[in-house]
């Protein structure tokens, strides 16, 4: 499992954000299809789950994968199924941490179980984009600022364009196309970090619509975490600004490890809605 | 994590039991006290969790221990706290499996990760009671029948007596006293199994009150699982009869690994209620 | 960790093969470079390691990754380093198992921890080659024969051509090129299996030169394992014939997870030799 | 697995100790008996294993338990077997670390996976000796000094007496008897630490005979580690002085988790020798 290096509870228990979050999606399957969903927040320090409600239209069972993510297995019946997940949670210390003076951890001093986040993965290709990474960022001083420079570059280089990418678009594809959605932003920044020997992992979850732009529908969000000076820190190349109240559903090497829904059979997504609203009590 | 060896979904999805389960307990702490609770069912094949609701009076966060059990950490404030947990779940194939012809797995053929369930633990003492075990059960033919003979003996030897044991009563203590509660029944049977080189693990959870005797208040129940012919099977020395609808909260080497609540500070339990009712829809 | 589903010791302890195996490689680093090696057999049932000898020219330490593979971390000094690893091992029941009547396990019945071997990975692209896979193999009866048909196709479609592929050649690249080395053969067959919902994992290790062709230098070999009817079975699309005495060094989703050597710094490989010889006593 | 919190390689690669270590033991089994041995150092940062040689008289295979310890399974034939293990290793930064100003980590801030080292186990009984622990050490200032006070007390209270304890002697037994061997010293100190909410784990391994007293035969040694301020530190209540060159074979909750040899069948130990000598090159 992925171990958080901030294992403690909140220092100031009063500083929390209460959220109602969830999602609804409708699917049509031409035949009974096994599937796996990842929509529920992973258990972790700093997150209190108060209530949860699942409606998957039939049998489902949960398991926890080796990254510590909660996965829900189900068998989709032939025909239409509507799936609902709703939760009320409290997030402690909800703002992204910013520590510009944080140094990098030398590779030789990384914990053994962090090394795999330096390696290429399905969508993150430090092997292919290594030359590009070193040319652009290799001469910058190591540390937080170099990761931020990567984030700034990706934020500027990629145009946010719903529909610009498909399920097998890699970081290299997105880099060349200059377009993408939030997962492509994350994949490209992860790729550059890994090429520079900075461990980086993909994160996926809810961001409450506290400051959402009115013309964008709510959606799941993807960002990434970089390992600096012994800890994992959040960076968000899509938004490139600190956000309040991220709720991590899954973490992994890239989007392969944390798919909203994986179906082992043909499936059509007919509707899709994500919710993450602040509750005022 | 403990791997179930029956990973599949239900064969007949119609055969399930719908349950409302949960617990309430009141505690009084003389000072702020960190604590860990285990009251929520572990994710596993054959169990659908539909809704859950936690009320712990403050911050709490979940994690999954290396046995696959869900644990909830919280900080109890000084004074009185009432904790509530409620869930609606469906249990597939809810009856205990009975397979009298099942042989034992020779120790040399046990999977590596099962071996630890042969070893002594805090409350289960095959080292101390080994001679007793071999005298009583050593000459019986290996297999299901020998485990059942152990269960029959423990069921007869121990008198069920609420209050007969305290938090550090071992299987050897209970054996000598001839009295105990369900956890002592489980510990003693586990002890005998391990002494005979049959892997056995402690299980703890909800049993719905479908056939409960009217003079017994509902409580959490403890039973055990024995590893025979490559699979874990349920045995219940307290009841010594097949039950419908067990919901496992935790598994481990003994009650140490799956405590309802563990407090790191002085705590008084002021009230306690467990619920597990069938829902008719 | 990856769990073998054949955990037992040998049925007939006399049926084993005694091997001397190891490797030597020389590298030149322009600067001190952290690195990870995977050359030592993973601990597993059926393998006795009698002796091991490492010479890495300095500090190195081992760890076991979450697939159960042994990894050795070291810091390569600037300049030339020669690395040696030697072992004597005994392999029990050394021949590949062939069971043509073995059915597939339906996805809905796969153990939770096997699911990830259905997913795309860095080099295995069932998403991209899914249409190809279903066209070629979708109408075949499920089971061992379908996996063997995939192996036959890959064995015939790809020409073995040292140097034909580079470190970032994917299964799709190899498929289009019609050429590759043993890791490309494995990646392509894994890709087709996963596209058909058959779990498949990459394996890498030593094959003793009992029947090696005289014109081929000894090398590490790559093959794969398919999960059928509850167990993992060995298939070898490069050789497409049963071999005696495979010794698994690593398993994973693809070659990313089990690299001979991964260097975090520029490295030149100056010489390389693999040994796997039968010992006659 | 147990994660070391000092994952890095050596800061000064020159500061190491070269050791030849190993053990020989002869056993007589009245029937073929499965067994598990733990005699080989666990892979960890700061330890380079250069060579290893096993002679177990037959088939054996290794696995890594969930604490990260290496275990070797074998089947002892009926009659006499001699088992040998030999290794050459280098230990970096070989002296015990002493940091008297280190504070305790509050329970609420402990990592989730450290909590289990606060719980009672087979031989460590903070539940039974809790009152004793608080009376003696409860008023001392928290931190390193309190752990050292526990170590001082145990070192003085217990008389080292080979043969004073048997395989099921608990910390409470040893406390009352006032005698024990090194494992009893460790169990009692662990018990007191856990009672005070300081995580403590049992460690077992080789200590080279650099300063051994001439009248004591070399043996495996047991000590313990306490978790203070985010790291595990070594304490040795048997010797109560800093030692050079400890090599950890196993760690766990107590001696149950790290037994030299566990046999599932009657076994007589006929001879036993442990070696740990410095190599001068």
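Just so it is clear, A, B, C and D label the chains in written order, and each chain counts residues from 1 on its own.
The rule is simple: a contact is a pair of C-beta atoms (placed from the backbone, for glycine too) under 8 Å apart; a residue touches a chain by one contact, two chains touch by 3 or more.
Fair warning: this is a prediction, and the values are worked out from it, not measured in the lab.
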{"item": "Contacts common to chain A and chain D (chain labels)", "value": "B, C"}
{"item": "Farthest chain (mean CA position) relative to chain B", "value": "C"}
{"item": "Approximate Å spacing (C-alpha centroids) for the pair chain B, chain C", "value": "41"}
{"item": "Centroid spacing, where centroids are CA-atom means, of chain A and chain C in whole angstrom", "value": "31"}
{"item": "Computed distance of Cα centres, chain D from chain C, in Å", "value": "36"}
{"item": "Multi-chain contact sites of chain D, meaning residues that touch two or more partners", "value": "9, 45, 63, 73, 75, 108, 112-113"}
{"item": "Touching residues (chain side chain D, partner chain B) in the complex", "value": "34, 36, 63, 65-66, 71, 73, 75, 106-108, 112-113, 115-116, 118-122, 125, 127-128, 167-168, 197, 256-257, 262, 264"}
{"item": "Chain B residues touching chain A - in the complex, by the definition given at the top", "value": "1, 9-10, 13, 16, 43-56, 58-64, 68, 70, 73, 75, 90, 92"}
